[in-house]
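Note that the chains take the letters A, B, C and D in the order they are written out, and that residue 1 is the start of every chain.
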Amino acid sequence: MIREPRFTDDLSDLPTHKFGPSSLTWWGIIGFMLIEGAAFALAFAAYFFLMGHEQGWPPEGRQAPNVLAGTLFTLLILLSEIPNTIVKEAARKADVPTVRAVMPMIVAIGAVLLIIRVFEFNSLNVRWTDDAYGSIIWALLVLHTTHILTDWIDTIVLWLLMRTRLAYEGRRLVDVDENALYWRYVWLTWIPVYLMIYWVPRL
Amino acid sequence: MSSRFRASCLAAAVLVAVLVACDREERRSRSKPIGENVPAGATPDTIYAGGGPGPALDPRAALYDNNAPAIADGQQLYMRMNCVGCHSHGGGGMGPALMDDEWRYGGRIDQVASTIAEGRPNGMPAWRGRLTDDQIWKLAAYVRTLSGQPSKDSVASRADAMSAGAPQTLTPREPAHTSDSAQQ
Amino acid sequence: MTSRRAAAASLPLLLCACQYQTYQSALGDAGVEDRQFLILFWIFFAICAAMYALVIAFLVAAIVRRRRAGNANVVESGRHHESHPLMRTGLVCWTVLVSTGLAALAIASFIADRSMAKAAAREQLSITVTANQWWWDVRYNSSDPSKTLRTANELHLPVGVPVRIQLRSNDVIHSFWVPSLAGKQDLIPGRDTDVTIVPKRTGIFRGQCAEFCGVQHAHMALVVNVVSYGDFVRWWEHQLQPAATPRMPLAQAGYNYVTQRECAMCHTIAGTPASGRVGPDLTHLASRRSLAAGTTPMGKGNLYGWVADPQSMKPGSKMPTVGLEPDELHAVVAYLETLK
Amino acid sequence: MSDAIRRSDLLEGWRRRAGANEAERRAHEEEERRLAELRKKIARDGPKLKGAKLEARLMRSWERPRGIVGWLATVDHKEIGRRYIVTALVFLALGGLLAVLMRLQLSRPDNNLIGAARFNELFTMHGTTMMFLFAVPVMEGVAVYIIPLMLGTRSTAFPRLNAFSYFMYLFGGLLLWGAFALNIAPDVGWFAYTPLSGPQFSPGKRSDIWAQMVTFTEVSALSAAVVLVTTILKCRAPGMTLARMPLFAWAMLVVGVMIIFSMPSVALASSMLISDRLVGTHFFNQWEHGDALLWQHLFWFFGHPEVYIIFLPATGFVSVICETFCRRPVFGYPVVVLALVSTGILAFGLWVHHMFATGLPRVGYSFYTAASMTVAIPTGLQIFCWLATMWDGRPRFQVPMLYVVGFIVTFVIGGLTGVIIASVPLDLQLHDTYFIVAHFHYVLIGGAVFPLLGILTYWFPKITGRMMSEGLGKITFWMIFLGFQLAFFPMHIAGLSGMPRRVYTYPAGLGLELPNLLSSIGGLVVATAVLLFVINGVVSLYRGAVAPDNPWDAASLEWAARSPPPPYNFAHIPVVASRTPLWDEKGELPVVTGLRVDDKEMLTTTVVAATPEMREPLPAASLWPLIAALATAVLFISSIFSPWAVAVGAVPVAIALIAWFWPKEIKREPEPVIT
């Protein structure tokens, strides 16, 4: 039989949403960051493993990718952190107007990034079917593109959400906050990818 | 009643699926050789003359065309019997290219098989008696993949060898036609 | 106690295992490497058995004690958060014991490994073994090209001579393993690996591919014949001879078929037009002990079976069923039998 | 109280706004005071809503919609956990069936019962099924069911992700076995070494099916891991600090983290394999700068931790059973926790010991030998702690405890043979022989399946509300235990006498006849015993004695819930002050109050100290996880046939996910009922 309860405390005044590590979704997002981070790390390991038993990198007969598109992409994605931070702070202050104003900017930046990414694929100077070197750098670029794409769509959805009255739910603001956190992760992972695709072959 | 009906429908569907799967994936280690005779009408001259309706498709075609293991064996034979020497990786050289959809002697598997078996003027040797029928048909099955004719599900993207152009799994699937377009 | 039963059962089983013929057994003790393996193995076995006995003793003690001891540190006695002082010290001793035992084993293993590496250093005979699905291509290398020897699925080794075997693969990953002589080594396409064997006693030992390599992985064996140095040299000289041209008319017919028809496309017979490199070398086929990479013993009957219909004897093998007419079959087998 | 909560919600908003003015701040402080008094009052004489009335109200807000739709849409961790367990057991039976077939083929030398090609399919299916479709999912399933009860909370975190992970697992299993039914089963071994599994040597779709099945199960396992880790860290009952957490929760925490770091490896590897086979990349093609060994590194970087992902939950089971049946907490709690954590870390440093025969630099090997042996230390410590618990307590040898004894007797042999094959010179002889087969079956069956059978017997009353038959249980145990020894001990001998793995037959005269015959007989005995276990379960389900809430007089919180537990698990969230709450709290059970009852809400607490932090609203039952899983399945399966499927198939997946995460409006009816 169930034992009689002895009431020790009343928690009814606890909040129903909080920012940062207090929020469950924050942990979920960190979890998925770790998973994808592990995937990235292993892809990097595979890259250096293949590079390991080569005389030249890229293998002789190939030329390293052209850096222009990739560098543009890098600069833009670094700049995108400014509006990203603004939105993050605004969300934490429940400053819905600012969030509504700045989010479209982030969406636009995402779109431009995706367009530049197309040119990046064209500037690799190698196809994935040519050799393992081509395969792995295509793999890295594709892997990162999926992250850009997914977070871009996620941002669009959130933006639409923020234009409804749901924007005043604290939990939605937490979502915005955590989406911004994820975007930071996306551009942080880009930096090693950028170096490995464009600069390691030039060493 | 209706349940039994549904059950039978399900069974039928499964059966069909099984048959399809068998067709593509079945490993045939055949202990009996296939009949020695060349497919009727597919002798050099009939094909050369062209014109008229093509001969009936040889029943053996069903066993080799689109059969993944057969194609894989054919690929291995293609290298080991040094077809590469003349035809390169399908690009052609001393011998005609096999990647295009041009077939002087017909692009049907039985026609390709008889081309391999009987040989053709201008250098194509006859392989009958040097290769078994089984091997010849496997080769034919593979050769057809070079021009992207069999279904994409049964061909390999690449061999464990030097990269030879676009993977066959991605090349478009074209209908074969003979250079004198009477065939097919 | 069932544990003790298992342990008790284990020893006789092990013993009878040792009495099994050493044809293909890590307990064969026919090579220097395998001897080192055995020494190390029994060291490990002893220490592990001791550890196991300790665990079981403790387990039994725990079970038996419960019967005697009055109220232990359990919830009924209300002392369930306490624990017997002996356990703390026990834990420490246990940790020390286990770690020292493992350290000892690690060191023993390391020493054995080093000494094997040393043995591998001084090679005197070089052989190249190339794995194919599902047979072994064997080349005896010699500074004098005319002495370079090619055969298949069978190794002859001089006793006491360190042999370095270079390992290659033509298709997938295989593993070269002759348990009675030495441990295994993978053959990986695109990579050069090797293993050194020092046979300790003459005899016939069986080896087998030990890495799953496709349909007929189970039928990819090779026979290693360890002989005295004299016999080895004689064998080499004999194998270098080209195949004798047959005199019997039947064998003659077989010769014509084999050298002009399907067989010649894949197989080499030294001294004849047959020079295919796809299948095993047949020059001295009849002198070998087994057929089709250890699928079946060499013999007239099996030759008939194999040539007539390899696909039912070794399904999936790369050797096609040629579909010989009966007279052709008689002739081919008659000829193959002359390839002593 | 109710309007208090509405006020406090608004207050949250005010607090957040910069420069909240004086009036607001005063209003806020006054509110705080009011609530403090309220809390005292409730602590004294409990909430208004109590007993049956309360339970009825909770039932209304927690039970899922009726009917098939509700059944598919459920997000109740208990229903999902049950499905996980049942599905996994079905796959165990199927995999076991294949094992029996293989044993029949191997019972005699030169046997022709099953052909070479079919046999290769059999052992591929057996290994894949047991590793990916039974061992890992069944552990996740048990955890998904029991962890929230054990931690004294009402649900897992992310209930919908939880449902999604189950469906992904189910579809992965259906893909593999569907393929088997259609005679296109993979036949390259559960490790699918390249180049054998590559485009040239595995024609057709067999290997692709294997690789995509892996992707399914990885997605599923990773989602489950995130769910479990978050639940364990954030949803524990107030007062259940990390240091008071049940050892099983510790084990699952470590396992969750291990999954998160190891499974991406095989997902990456299988994607590389698929792209090699489908779009002609060259990752594993040595003629174009690729490397076949890259596969082995990636695969075993996952494959070795995998073994501990299966084994550590089982150690959790053993700790749970030991505690209950020895009538005392497991001796050396901190030691066991440290052992779990260090095993989890060491597991990532061992993968190369699966590759000793590939001819990598010999010196590097010594490191992996040492590392592999080091793992034996934490495991040895755990063994000691369990034995010490038995020695210091008063073991009652009911069925679950018998399995623990069987576990120690059997697993320790496997552990020691593990030490043997960690040595390079020994492994070079024993690698890929039946000695290895014997070793890992001792570790996986002795080490994981025995405790699993024990814990299923142990938690059966909690899950079904009925007891399993003790007598039949004992018979089953002895059959399975002795049958196992008979089946697998001789394999050590077979391996030493030169029998390699994965051969469909072996010649007579190598001295392999006797060991193989014994193994086959033992195999049949084990199969019969498993059948008995299933029968016992099914019969007890309908005829078994009705179980009280705490039949074994255990100490952990799952036994404070009813058997079987209601959808909301606990009417009031319990409070914990020790590692064995139900033993130390005589009489009444201390609880907290203050969660909504008119909507699904759970309590989240801080990571270390487990002090209450938030009232987390939970999502309602929904079909979207199922739809998302279906869309993903379509994407994965069609991507076997065309790369474009990835682009096209992504659209429905995206739509499903958006619909899934689109927030419901938080109920704003006048009286949010709190109790």
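The working rule: a residue touches a chain if its C-beta (ideal position, glycine included) is under 8 Å from a C-beta of that chain, and two chains touch if they have at least 3 such contacts.
Here the structure is a predicted model, which is why all the values come from computation and not from measurement.
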item: Pair of chains with maximal C-beta contact number; value: C-D
item: Intercentroid distance (Cα basis), subunit D paired with subunit C, Å; value: 39
item: Rounded Å distance between subunit A and subunit D, as computed from the means of their C-alpha atoms; value: 29
item: Between subunit B and subunit A, distance of the C-alpha-averaged centres to the nearest whole Å; value: 48
item: Multi-chain contact residues (two or more partners), subunit C; value: 171, 189, 215, 315-316
item: Sites on subunit A at which at least two other chains make contact; value: 129-131
item: Subunit D, residues touching no fewer than two other chains; value: 117, 195, 201, 279-280, 282, 285-288, 291
item: Touching pairs among all chains present in the structure; value: A-B, A-D, B-C, B-D, C-D
item: Contact footprint of subunit B on subunit C as seen in their complex; value: 171, 189, 215, 261-262, 264-266, 278, 309, 311-312, 315-318, 320-323
item: Subunit A-touching residues of subunit D, taken from the complex the two chains share; value: 1, 4-5, 8-9, 12-13, 16-18, 35, 38-39, 42-44, 46-47, 157-158, 161, 222, 225-226, 229-230, 233-234, 238, 260-265, 267-268, 272, 275, 279-283, 285, 288-291, 294, 297-298, 301, 548-549, 560, 562, 571-572, 575, 585, 587-595, 601, 603-604, 606-607, 612-617, 654, 658, 661-663, 665-666, 674
item: Subunit D residues touching subunit B - in the complex, by the definition given at the top; value: 117, 181-184, 195, 198-201, 203-206, 276-280, 282, 285-288, 641-643
item: Interface residues, subunit A side, partner subunit D - complex; value: 1-18, 21-24, 27-28, 31-32, 34-36, 38-39, 42-43, 46, 49-50, 53-54, 59, 92-94, 128-136, 138-139, 153, 157, 161, 166, 169-172
item: Parts of subunit B lying in touch with subunit D, wherever the complex brings them together; value: 14, 17-18, 21-22, 24-27, 68-69, 71-72, 75-76, 152-154, 156-163, 166-167, 169-170
